[in-house]
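Chain nomenclature is as follows: A, B, C and D, assigned in order of appearance, with residue numbering initiated at 1 for each chain independently.
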Amino acid sequence: MEKSSGLVRRLARQAPALCLLLLIAACAKDYPQTTLQPRGDFARMVDDLFRTTVVWATIVFVLVEGVLLWAIFKFRGRADDPEPRQVHGNTTLEVVWTVIPAFILVAIAVPTVKTIFKTSDYATGPGVVQIEVIGHQWWWEFRYPELGVVTGNEMHIPVGKTVNLRMTTADVLHSFWVPQFAGKRDVFPGRYNPLWFKAEVTGIFSGQCAEFCGVQHARMGFKLISETQEEFDAWVARERIGSPLVNAGTVPADTTTPADSAGRAAKLAADSLEQAGRALFSGAGCIGCHAMVGTPLASATSLKGPNLSHVGSRQTLVAGLMPNTEENLRKWLANPDSVKQGTLMVLPKKLTDAEIATLVAYLRSHR
Amino acid sequence: MATSVVDHAPASHHEPHTGIWSWITTVDHKRIGILYGVTAFIFFLLGGIEALIMRIQLMKPDNTFVSPELFNSLFTMHGTTMIFLGVMPLSAMFFNYFIPLQIGARDVAFPRLNAFSYWVFLLGGLFINFSFLINAAPNAGWFGYANLTSNQYSPGLNTDFWVLGLQILGVASMAAAINFFVTIVNMRAPGMKMLRMPMFVWMSFITQILLLLAFPVITIALVFLMMDRHFATHFFLPEGGGDPILWQHLFWIFGHPEVYILILPSFGIVSEILPVFSRKPLFGYTAMVFSGAFIAFLGFGVWSHHMFSTGMGPFADAFFSLSTMLIAVPTGVKIFNWIGTMWGGSLQLKTPMLFAIGMVAQFIVGGLSGVMHSVPPADLQQTDTYFIVAHFHYVLFGGAIFGLTAGAYYWFPKMFGRMLDDKMGKLHFWMMFLGFNITFFPMHFLGLNGMPRRVYTYPGDLNFEFWNQVQTWGSLLLGVSFLVFIYNMWKASRRPADAPADPWRGATLEWLIPSPPQEFNFADVPPVHSATPAWDLRRAGGGTLPEPQRVSGAGIHMPRPSYWPAVTAVGVLVTIGSILFTHAFSQWYFITLTGAAILIYGIYRWAYEPAF
Amino acid sequence: MDAHSHAQGGDHAHPTPGLYFKVALVLFVLTALEVLAYEVGHGRMGADLQRIVEPVVVMLLLVLSAAKFALVAMFYMHLKQDPKVLTNLFIWPLLLAATVIAAMIVIFSYWRVVGAK
Amino acid sequence: MSDAAAHAIEHPTTTGIDSRKVAIWTLIGSECLLFASLISTYLVYKGKSLVGPLPHTESQCMLHGKMQACEPIFSIPLVTFGTAVLLFSSFFVVLALYGAQKGNRKMLITWLSATVVCGLFFIGMQVYEFSHFYHEGLGYTTNLFASTFYTLTGFHGSHVTVGVIWLATLLVMAIRGKLPAGKSLNLEIAALYWHFVDVVWIVIFPVVYLMR
């Protein structure tokens, strides 16, 4: 007994170091979607809590597995050895190993409950950016009801400001997840779920749907772009042009951010590519599901596909599937199902190569 | 109350024990146990092949080895198969074979009901796997979350096969659970009080209680889902005011106890093996019993810890978090008592012992990651990622499968009268141990680094490739280890049946009769004075036991073979399976009525047929 | 094992038809009270009575139905005479069932409040 | 049922209670959770129906092809009568069992017949109620109330039906003289099941019909 507890103590001293080793091993490479490098306050609170549990778990792991291994080596016997002493139990020992885990659990439970209450419900207060998140099979829609912006698969947020998400789905359950900013929150049809976080740094971050939602669940990624307030304001001003919310009168045309929308619209109307593209966008039936600058909108509230008004400025195409390049857009428009099998994006009619080229140029011109 | 069970009854008709008909009509718990084992092992291998295909697909980013649809079917069927057609019926094999032997009974309480359970299980398993042949394998996950399972989002028969298949399997589980529960309550040998039952019997007993209380809930949830899909209701559909979250609650009220249904039998097996191979009684027997019961009891109060990310609110989160943490206490007690059993013993590191120790060592890992998930904010990062996949494979593979494999090596000589080769067994253990850990430990890293579950592929820029490749190689090693096991069993089958009655110096009643046991198990049941009756006798005999002789069964009355259980099982299959046809065929209910007629006819013939 | 002898058909401990009849009468009266509580609670017997009964009508109905339940279980299902093991087989699942129902009601009421925002 | 014959040569059970009686109690315990799931669903969906008819209040509902005001759908007197009948059937079956145990064949047959008739009457009441509701515009899929109500009471009704068939089978055996006192356990088990069906209704009646 004496010898073994010495070993146990030695192992226990090594535990935090071992645990750190484990984490370092895990983050040795750069994982853009890691939970272990929080970049937002919500994720940081979770991470602190997680580290507490990892330390406890590692200590217990090392101790218990150590004792187990020790027992295996120390008490190996041969078939003809005499029968060992027949011990049936030890009440003191049993009480001890019931009570000690209970204390460890209390040590975990207290910060847990505190954090549960801190991370629940909506964020309120002045300066909070309100965003509505709507999950779709298999892409994400983001709406900024106060700013009049509707976008898809790319959420822009100002750094250092709390953003408050009010989340639902247009079809089945999904789960909104940007690991470096916050934990997951599932979205349900017909109800809203809250989530909030505050970015600590600027940059482009990966997010992904985390609740199985059908054939292309794996391909339901999105980017979260944290930027300075100025960059964010400029982005908002651009996005407001042709926004379905502005067009439908849900948000007044220019109250929060002034934009040269009138001048720009005039310039666009004169452009020949613009006219050809717009005709094709309507004629080919894209308009049935997508919103686009300068095209009439079937409905302001239910978009079947992402708002494409500024698709040229986005980082990726098809819910984070591929970089936003001309070639990729052409591939996608030529045959969506070959790029993302089972996608709900259907072409009302087969497009010719020339039509695809026009459409690609037209869409990419809208930044 | 008489201690002898040899009754002075007229000699019974012992049917010949050969031919396929003898297997179809058998009501002998030992033969039904073997049927369960063989069937479940085949399904288990099928589930393993499904897993290997998934592992190959995930070996590199943007892989196209299988289509997204097929991948979704594979992970759905892998989960469904391993749980309902693999681990549960493998446990049922041990329930069948060893509960009656360990409590000193001739058979289970209701031998024909036992046969019925098996046939329903077999038909249900075939039914649900038949879907692969018509390209309609279930593909909405083993958890079948609404509203993805609605007609709108899951058209086709895929989900119907799942719903109806689980319903059929539920009938089998319920019938078996009642049977084993009553057997343990009512068929124990004289002197075997509850607190003298072997630990395997105890854990099996608790498992039956969980089955009895959890399965009705999933039955109702599946009925609602069936109604939604076939009869236009809106139980889980928001269009009609229903709420998809109801499915999650009902599913997990069943689903969490189900986890303990899968693991408790293994706890029992390991608690049998560790004392025998440490040559020392189980440490803290009573604590082991009550911790098992406490785990089961708490198991009904934690279901929503599967749903922290749904946003239930801080009070529900806190409640389910604390109740989940509480489970760690009795689980810890079990692990410490197992180590306490080994401590100071004379460890015989034979194959069953290696698997049992492996189970303990790996279950610790699964238990600790389980505590991590009980912290709701942290769980928000971990749920639906590979971290969870790692966690429950440490519990269900590292725990349940290792325990069941330990049981297979431990009891194989008793079941077949032949020893499995110990060297090959050890090779199997080390391959399985390494393969398992290489496959599943890196999943912790992947999950924490943001790889979600249930994805058929992942983009290259997330850097998931390295560990995925490691895992795939590990899984292949794991797969090959089972070939070693199969080869070992095949080799054993070529040897003469010369295993002694008690190759391990066992503590419980089954080791007192010849291997394999005779049809009637015990000619005379020895009186039981402790939890280790065979050791008592061995001590009384100065350390040795005489090899038991095969005796004539004349005068012992055994139940008569019957094919009505199998017929009735067909009735269950047709009645429930008929719902598949509602959309295809307007007179579908004629099939239902045919099934019901077979079912009712079977029940009446069964009821009026002499049992002996 | 004296429980054995009487379960095997020695029914001396079982109640008599007279007792069964009394139980039936009580059950009948309790059912009448339930309906009465419903009528009064919902204003069929005047507003004054309603004001008194309405706040407790759910409680009242639960108590009355629990009483009926207990009577049938104890006397008609013979749990009062039969070995305790049978009572355990019934009472624990019953408690679990009641807990599940209560928990579901609580969880769903909170779920609706948050989801509406 | 011939298991009873086997019973005589089986060795005595550990608890002293016949295994079949333990089994039926086990089944009853298990069924508690079946009905708990149904009742919780009914309760959490209470008041969530999007259209009428509703159980206790007036509502807008689709009837004869157009939306119109509908009366509350429940008829308390009818269901109270059904409840009383089911309660009395429980009383009758204990009398039948008493007769069976005492070897009083006349008592057995009389009261068992009365039980079966009561059971049939209850099923008739439910069939009448369901078809009446249907004509009032409450189909199975009309609203959440309808789906949860019909499923809950339908599950109970199918239990009653199984019970009636079971008891009727025993009645035929009793009439043929194949239910002597020594086999009264056959009736006792069926009676336990029957009482359970009754206590489930004891819960459903106030919770579904009497609570607004």
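Heads up, the rule we're going with is that a residue touches a chain if its C-beta (ideal position, glycine included) is under 8 Å from a C-beta of that chain, and two chains touch if they have at least 3 such contacts.
Just so it is clear, the structure is predicted and the values come from calculations on it, not from any experiment.
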Problem - Comparison of B-D and B-C by number of C-beta pairs in contact, larger one - result: B-D
Handout entry: Inter-centroid spacing, chain D versus chain B (mean Cα positions, whole Å)
Key = 34
Problem - chain A-chain B separation of Cα centroids, rounded to whole Å - result: 36
Problem - chain C and chain D: spacing of chain centres that average the CA atoms, whole Å - result: 16
Handout entry: Where chain D touches two or more other chains, by residue
Key = 12-13, 15, 17, 22, 26, 29-30, 33, 36-37, 44
Completion exercise
Residue ranges of chain C touching at least 2 other chains are 1, 4, 85, 93, 96, 100, 104, 108, 114
Fill in the blank from the handout: Multi-partner residues in chain A (2 or more other chains touched) are 121, 188, 190, 193-194
Completion exercise
Chain-chain contacts, ordered by label, are A-B, A-C, B-C, B-D, C-D
Problem - Sites on chain D touched by chain B in the complex - result: 1-3, 5-6, 9, 11-15, 17, 19, 22-23, 26-27, 29-31, 33-34, 36-38, 41, 44-45, 48-50, 140-141, 143-144, 147-148, 151
Completion exercise
chain B partner, complex, touching residues on chain C are 1, 4, 85, 93, 96, 99-100, 104, 107-108, 110-111, 114
Problem - chain D residues touching chain C - in the complex, by the definition given at the top - result: 12-13, 15-18, 21-22, 25-26, 28-30, 32-33, 35-37, 39-40, 43-44, 76, 80, 83-84, 87-88, 90-91, 93-95, 98, 101-102, 181-182, 184-185, 191-192, 195-196, 198-199, 202-203, 205-207, 209-212
Practice task
Please name which positions on chain C make contact with chain D in the complex.
Solution key: 1, 3-5, 7-9, 11, 14, 16-17, 20-21, 23-24, 27-28, 31, 34-35, 37-38, 42, 57-58, 61-62, 64-65, 68-69, 72-73, 75-77, 82-83, 85-86, 89-90, 92-94, 96-98, 100-101, 104-105, 108
Fill in the blank from the handout: In the complex, chain C touches chain A at residues 114-117
